[in-house]
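Chain IDs A, B, C, D and E follow the sequence of writing; residue 1 opens each chain.
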Amino acid sequence: MINPVFMIAIPLILAFLSLVAARIKKWLLLSGVLINIAILFFLEKGETVIGGFKPPFGINLILDNYSMVGLALAGLLLLAGVVLSLDKADKYSTVLLTALAGINGMLLTGDLFNLFIFMEITIISAYILSTAGKKPEYSFNYLVIGSIGSVFYLAGLVVFYSLTGTLNMADLAAQNLSMGTPELLVPLFLIFTAFAIEAKLIPFGGWVKGVYGNSNRLTGALFASVYASTVLFVFGRVFNEVFALSGAVQTIIVLIGVVTFAFGEAAAFRQVKMRRILLYSSIGQSGLAAALFALGLIFPAVLLVISNAVSKFIMFSITGKLREIYKTDDYTDLKGVFFSNKLTGIAFSISAMSLIGLPLFFGFYAKLNALTALFNGGNWFIPAVILLFAIVEGAYFIRLLIALWAPGKEGEIADKSHAVGEIRIFNIKKSILVFILSLVILAAGLIPDLAGKLISSDSGFMGGDGPAFTMSQLKGGE
Amino acid sequence: MVLDEKDNRNVWEKIGDYFSANSIWMKWYCTGCGAIELPPTMTSRYDMERLGMGPMATPRQADVLLITGYLSTKTLRRVIYSYEQMNSPRFIVAFGSCTINGGIYYDSYATIGRLDKYLPVDLYIAGCMPRPEVVMNGFNELIKMIKKGQAKGWKHYQENYEWYKKNQLDSLGEVIIKDEFHE
Amino acid sequence: MNLTIILAVTVVLAVVSFFITRLNKKAGGFLTVIASLFAFVGLFLLKGSIGGEFSIFYFSFKITMVGWYFALIMVLAYSMTSFFNPFWMDKMMYPGSYNFMYLLSMAGTIGMFFAKDFITLFIFWETVVWSSTFIIQLGKSRKASYVYYVVSAIGSMATLFAIMMAYSVSGTFVISEAFAGLSGGAAIAVFFTFILSGLAKIGIFPFHVWLPAAHGNAPHTFSPVLSGGLVKMGAFIAFLSVTAFPAYEIFSGMFKVMGTPFPIYFLMALGAISIIVGTLMAIKQEDAKKLLAYSSVANGGYILIGILMLDQVGFAGGMMHLVNHAVASAAAFLAIAAVAYRTGTTKMSEMGGMIHRMPVTYIVYLVAIISMAGIPPMGGFVSKWLIFQGLADKGMLFLAAAAFFGSIGSFMYVFRPLSAVFLGQTFTRDLKKKEVGFFMMLPMLILTALSILAGVFPNTILRVITEIQASVGISPVTLAENTIVTVNGYLDAFRVFIVFGFGFTIAFVIFIVRRKSKKVELMDTYTSAEFIHTRELLHYSSKFYAPFERLYDKAPDTMKLYKKIAVKIGELGNLTESLFYGHKPEKTVFWVMITGIFVVIIGGVV
Amino acid sequence: MNVMSFVYGFLVLLGVFVFQTTLTGLNRKVTARLQKRYGARWYQQFLDIFKALRKDSTSHGWVFDFGVIMALGGIMATVIFIPVAGFEAFPGLDNIFVISYLLAVGMLGMAMSAAGSGNPWASIGVARALTNMLAYDVPLMIVIFTLIFAFDSSSLSEIAALQQGMGILGWNAFRMPLGGIVAVIALLGMLGKKPFDSFIAPTEIASGPMVEYGGKHLGFMFILHEFMTFIEVSIILSLFFGGGATIWEYMLKYAVLYTFMNIISGVMPRFKIDQAVKYFYRVPLAMAIVQGLVVIFTGLGVTLWF
Amino acid sequence: MNSMNNTINEIKAALKPLKMETPAFRQIAVVVKPDTVHNALSYLKQKGFTQLSIVTCVDWIKESEFELVYILFSWTEGIHIQLRARIDRDKPVMVTATDIFPGAQYYEREVHEFFGVEFTGNEDAAKPLFLEIWDDLPPLRKDFDPQAYSDSKFPMRERGNEFVSEIGGHDDE
């Protein structure tokens, strides 16, 4: 068994090495992400104490099935991203390795202050990655807003510490903080703001448009999948384990999440640039996930985060590459681009359809779980919003898919002569990689129960409920 | 036309001719001025329906092609076209002196001289203009002729088609013309 | 026969056909014929195992009479249309995926009709939706496929909501039990949201917009399936909403119109509106396929009214109209497709006189429209007769008025393609065109024969419907040997047919003893003696009912409503973008401050 | 259904032909008298029909011939179903829906044949005829629907029989006066009489659907027209004027009704087709709906209301 | 009447006509040289004479001239103008007016058909318009003999004994 601390240490060491041995940094990066995946299988479950001090005083790492899922997801997607865009990642080896350490740390840590440190590491790496868009003003924008978030978080911690005397999550959970007290509201607000900024929730996500909208195939894919899901995972942990939300606060946070979902989907609906579509879709999805986390429906939220992360990863990668080839990501200028890229196209389509929540794909299972869980909680309003905006979501994704697959004038049958070009988007190996990733979505959609079991081993996360809905329950037996 | 020919019709033809004689439907080719005489012939003063006569809308339905007055080369082409669209037995009644010998337009470059050179006229109704009485009188005569089997213009046309066609082409150049307005 | 085998073989063949098409396009097309015919025969043999329950994977199925009936109609449309597939492969952009989606959607429909629980139903339903979306985009319009998806999504999302809501009350997804325990407002909400997908699929006003778009622009080989088959999925939902969701019982305490609870009457009124709208719009169309699409809207109205009546006569009429419309509409679309195969167009003003080139196709189309217009001796007559009898029985005056309007209006619109495409002068361009080959003719002839058989021996179909009626607990329609008996009178379709034959024979004898007529060319017609040489100009086909169309050409377009909604959503998105996602950090800071103040206030209050 | 039925059917056809053609001839005289003319001979219509049958004809292809035969065949089949004074060649099949839709076979055949001639005027005529049908049929069908609802029967002979024996006020035309008016107006439209005859306007569109018919085809059209007139008048007669207890009563009533129609038509100008639609959807439709609502909700008219 | 006088004066100044008169109330007749007709027409159109009512021709056979007559009308002032120009009868050529008044097409075709005037610049002017088939001199020229043409083309009835009225007519001959 391997101590989880290596998850943080190894990438950091490799990052340091990559500074020293710049010539092999590409290989260092690759080996870093590979080792990261490899040691995932041998990690020691449970709580790990670092530095000899017992919690709540020392640093501790928690590896439960929740953080395990997060680690696996982030690690795998990072690996895929690096492999897929090695030419771009090469330049950012150090940053990416640092980011990996930060991400792992965020997911593993059991202490709010440590969380702050890892979050800073991660976000700073994100600032640097965002410069790849070659639009410094947006990076600066991100920097400003991100710093506000950090300051808020820190301030929140200070107030919090003064109120409770500890920052250890387990300790805090044990204190069973009541949300009714007004004093707690201030640190809660400060901490929530910090997370909301990172999770792109309305009205805090002002940086997203510039950063996502100018991402390339590496950064876009990483932002929308690895970073976004990590933040959401941490959000889920903080707002379920540390603060047990209830009452008006819960309502407000859920409302913010739902509004983010609705508004994000609406904003995506009117876009013609693919990256914009994807970014607003990401905003929407993270809003929904946040709402579910805030409601304590962790399992559906995790499913949603996973399905969104994988789909967005594929779509952002392809979009980024398309933009490299055709210098545009306006889908009306990219009609019929999948005609000569069928594998890539199928991967993109599967991802999109999974995001919409069409059956046979994993997104459907996630959505169905969310709905069932919500209805079980006696809530019919949020499902209505989810389904209503699922129509909008379906509308813009299907519109996008149709445009990318079938070129042709209105009134004439679809014809390849109207396709924008016959350039291959990815070479055959990369196409297959993307395709296999999308097959994962399809396979997980076809055998969702197994996938669900794989994710949560049927027990739910952090003491929450397991799957609200399983396919096997259709056969009659509950 | 030769009027005094032997009556060699069989019974069915005689019955048929009886029907034909008593139910005369006309297509009026009213390019000439004579058309104005027909409304009084049709309406209550003279009431041609008494004799089973009546106007019809198209040559397909009609038995009689009534040509009222002068024919220019242009209209003659149309008249021939209409006549050929009619179903046998079909009769032509020419109306007014213009159809007999060109009337007052005898020297016009555009108006034909006599109709029976181009189409088999069964009956002429002379006059410029023939009054409705004369028209009715003429049709009485036509009815008698049909009953007796003497109105055989259509057979004559069939038998002497070459001759008629030659005359038509001599005067008209072509019957069915094709120019920018007819495409 | 086992449903598992049917489904498995279809799905496997779907995948196989995808790869075979890549090797040989025609072979892939023929494979769809084989697969769909296999499914048809398999389903036909499945009748023996009605009542059985089993599950495949996690899907659970129950073979019911009504499912069997619907599935058979559906697969009939699929299998007959599939005969056209091999000939269109060259014109498709993605022949492989076309074949794959074709068979996948067919498997989806089969699975859907036999689903035992709603989730299975929904999964298959949505599979059909997305796979057909990807087929439609290969046709003449991308927008059509988008519209199709959106309208379908409105329906299916609503239905999912209803299913979930019912589940939260009853705790089960099994169709026969899921709606137990609903009452009051929740029952109404579930009823309306549940049937929404049915309305959307049948094309009931105001969801009819997708039919002209999708039917009119889908590949010619898919329009018959859409109109003859997929529309009937909606009828299935309508059927479930009055049987599985016992609407008449749940709403029995509510305000009643002519003995029908108000929510149901409201839906029937929507059906009536779609009859009128479909008829009026069909009269206006210049494209043969769009015209037929609107006629499907109108016929969908009849089906909905019939099924929702859930009585002895009208229900039987609605259920029988399913078959008749499926057969007739598929045949009509196939005939138009056959013409388009030769001429390359479906615009009525660009064709004419195809009867002289394609007489068999003409006969097929003629029989189809006679059935669609409800004229004896074709099947459509019997079902419309039953629906009228049902309406008369209940005294539903306004619905009947709409039904009559649609019925007579259908003479107007079905006659248009007949006259414009088949009759009149053949265009110079088409003078050398030939009839389609036997392989394409075969399905059309089969459908034609079915149309006539359904009209002459309607009881064959009605016997199945009586079983369905018995299974849902209403008194079945009374059938004697050849007659259908209702309260208001009875119908002996066979005798009507014989007498018609008698009349026809007399007329024929009179005609034949008279002298043979002289055959003339079609250009030799009465033109006030004017010489016209251009065939295209003499043929009267566009703006056929201009004086009538003028009476309602200012009527609002339903599509505009959807466009307006789309614009509103876009505006919401715009607002979001400009309020929260600007490029300036100040905005975010501002919002953080606002939220902070808000929280402080809340905190103060709390 | 046996051989005798067919023999009876054939006899009905013959009788109807003779009767209706004579009546048409007489009515030509009536119209002439309205116009202060002497008018045609009473047997003129026979002469016209036989003359047309005698002539040569022109055919525009097989659908032109087939349509004519289908039209006449369909119409003759419909005539056989019409109950005359309680007599039916095929008992029990006098269902109003069967009759009105079987009638449509004839119309479709005629429309097909006319359009098959390739003449644009024929197509315009057909378009107008179908529009006209849409105009008059909806109000009429609503009234008929009301009758079916009221009497629980859609059989012509049963509805006719129900009205007999109660004197003239037992007729549906008087029990349901609004419906009766609608039926009479609709009958004008059905018969294609003025003011609803724009589809055969001879001087405007060269007699519309009939434009290309000559010879035996035209003869067929004339025969068809006689039969169609018989069917249409008979439907209204049976539904609203009590049919007839005896054949003589029936013929007398029929003659009066038909002549009445002719007299109205004789003094009317012509509606444009869109005006006809507007007219039918304004006045008669409103009356029909009012009548229907009255019958359905109050029962007035089902029971005698005096 | 002032506007009328103004118009007359303006036209006089602009067109420098050979002759000018007012044949009837609010009508002006202007005779110009044939080579100025095109300019005159475009000037007049721009003056508000937007309607070309007719283009026709008079055959002055003794002077061996054709006189082309253009009649224009102004809807703003209600004045008709006859624009006349004489051209050589042996070589009748005139510049087309179709570039100013596209509707002149059919008038020019008519004039060409009946008088043989050629219009340069109008390619379609030589197409037949009324006379569907014509194979002789233009028929409205005064040197064309319709009687001779008619006799040659349309044979007359020979007045012999067989032409005796049978239905009680009275023949004067």
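The rule is simple: a contact is a pair of C-beta atoms (placed from the backbone, for glycine too) under 8 Å apart; a residue touches a chain by one contact, two chains touch by 3 or more.
Here the structure is a predicted model, which means the values were calculated and not measured.
Novice: If every step must land on a chain the current one touches, say how few steps get you from chain D to chain E.
Specialist: Minimum step count, chain D to chain E: 2.
Novice: Note the shortest touch-path length, in steps, from chain A to chain D.
Specialist: 2
Novice: Both chain A and chain B are touched by which chains?
Specialist: Common neighbours, chain A/chain B: C.
Novice: By CA centroids, point me to the most central chain in this structure.
Specialist: Of all chains shown, the one whose C-alpha centroid lies nearest the global centroid is C.
Novice: Identify the chain pair with more contacting C-beta pairs: A-C or B-C.
Specialist: A-C
Novice: From chain A, which chain is the farthest off, judged by mean CA positions?
Specialist: Following the centroid criterion, the farthest chain would be B.
Novice: Can you check how far apart chain C and chain E are, centre to centre, with Cα atoms defining each centre and the answer in Å?
Specialist: Here chain C and chain E have centroids separated by 66 Å.
Novice: How many angstrom lie between the CA centroids of chain B and chain D, rounded to a whole number?
Specialist: 37
Novice: Nearest whole angstrom, what separates the Cα centre of chain A from the Cα centre of chain E?
Specialist: 87
Novice: Note the residues in chain B that touch 2 or more other chains, in rising order.
Specialist: 58-60, 77, 85, 87, 177
Novice: Mind pulling the chain C residues that touch 2 or more other chains?
Specialist: 518, 526
Novice: Among the residues of chain D, which ones contact at least 2 other chains?
Specialist: Correct list: 56-58, 206, 211-212, 215.
Novice: Touching pairs of chains, which are they?
Specialist: A-C, B-C, B-D, B-E, C-D
Novice: Within the complex, which stretch of chain D touches chain B?
Specialist: It is residues 28, 32, 35-41, 44, 47-48, 50-51, 54-58, 202-203, 206-207, 210-215, 218 of chain D that touch chain B.
Novice: Touching chain D in the complex: which residues of chain C?
Specialist: It is residues 258, 353, 355-356, 359, 362, 366, 370, 373-376, 381, 384-385, 388-389, 391-393, 395, 397-398, 400-401, 404-405, 408-409, 411-412, 415, 418-419, 423-425, 487-492, 495-496, 498-508, 510-511, 514-515, 517-520, 522-523, 525-528, 538-541, 544-545, 547-548, 550-551 of chain C that touch chain D.
Novice: Show which residues of chain C lie in contact with chain B when the two form their complex.
Specialist: These residues of chain C touch chain B: 518, 524, 526, 529-534, 537.
Novice: Which bits of chain A are touching chain C when the two form their complex?
Specialist: Interface residues on chain A, with respect to chain C: 137-138, 140-141, 144-145, 148, 152, 180, 182, 185-186, 189, 193, 197, 202-210, 248, 252, 262-264, 266-271, 280, 283, 339, 353, 358-360, 364, 368, 371-372, 375-376, 378, 380, 383-384, 387-388, 390-392, 394-395, 398-399, 401-403, 405-406, 408, 410-416, 449, 471-476.
Novice: With touch defined as at the start, can you tell me which chain B residues reach chain E in the complex?
Specialist: Residues in contact with chain E: 73-74, 77, 100-102, 106-114, 117, 126, 137-138, 141, 170-174, 177, 179-180.
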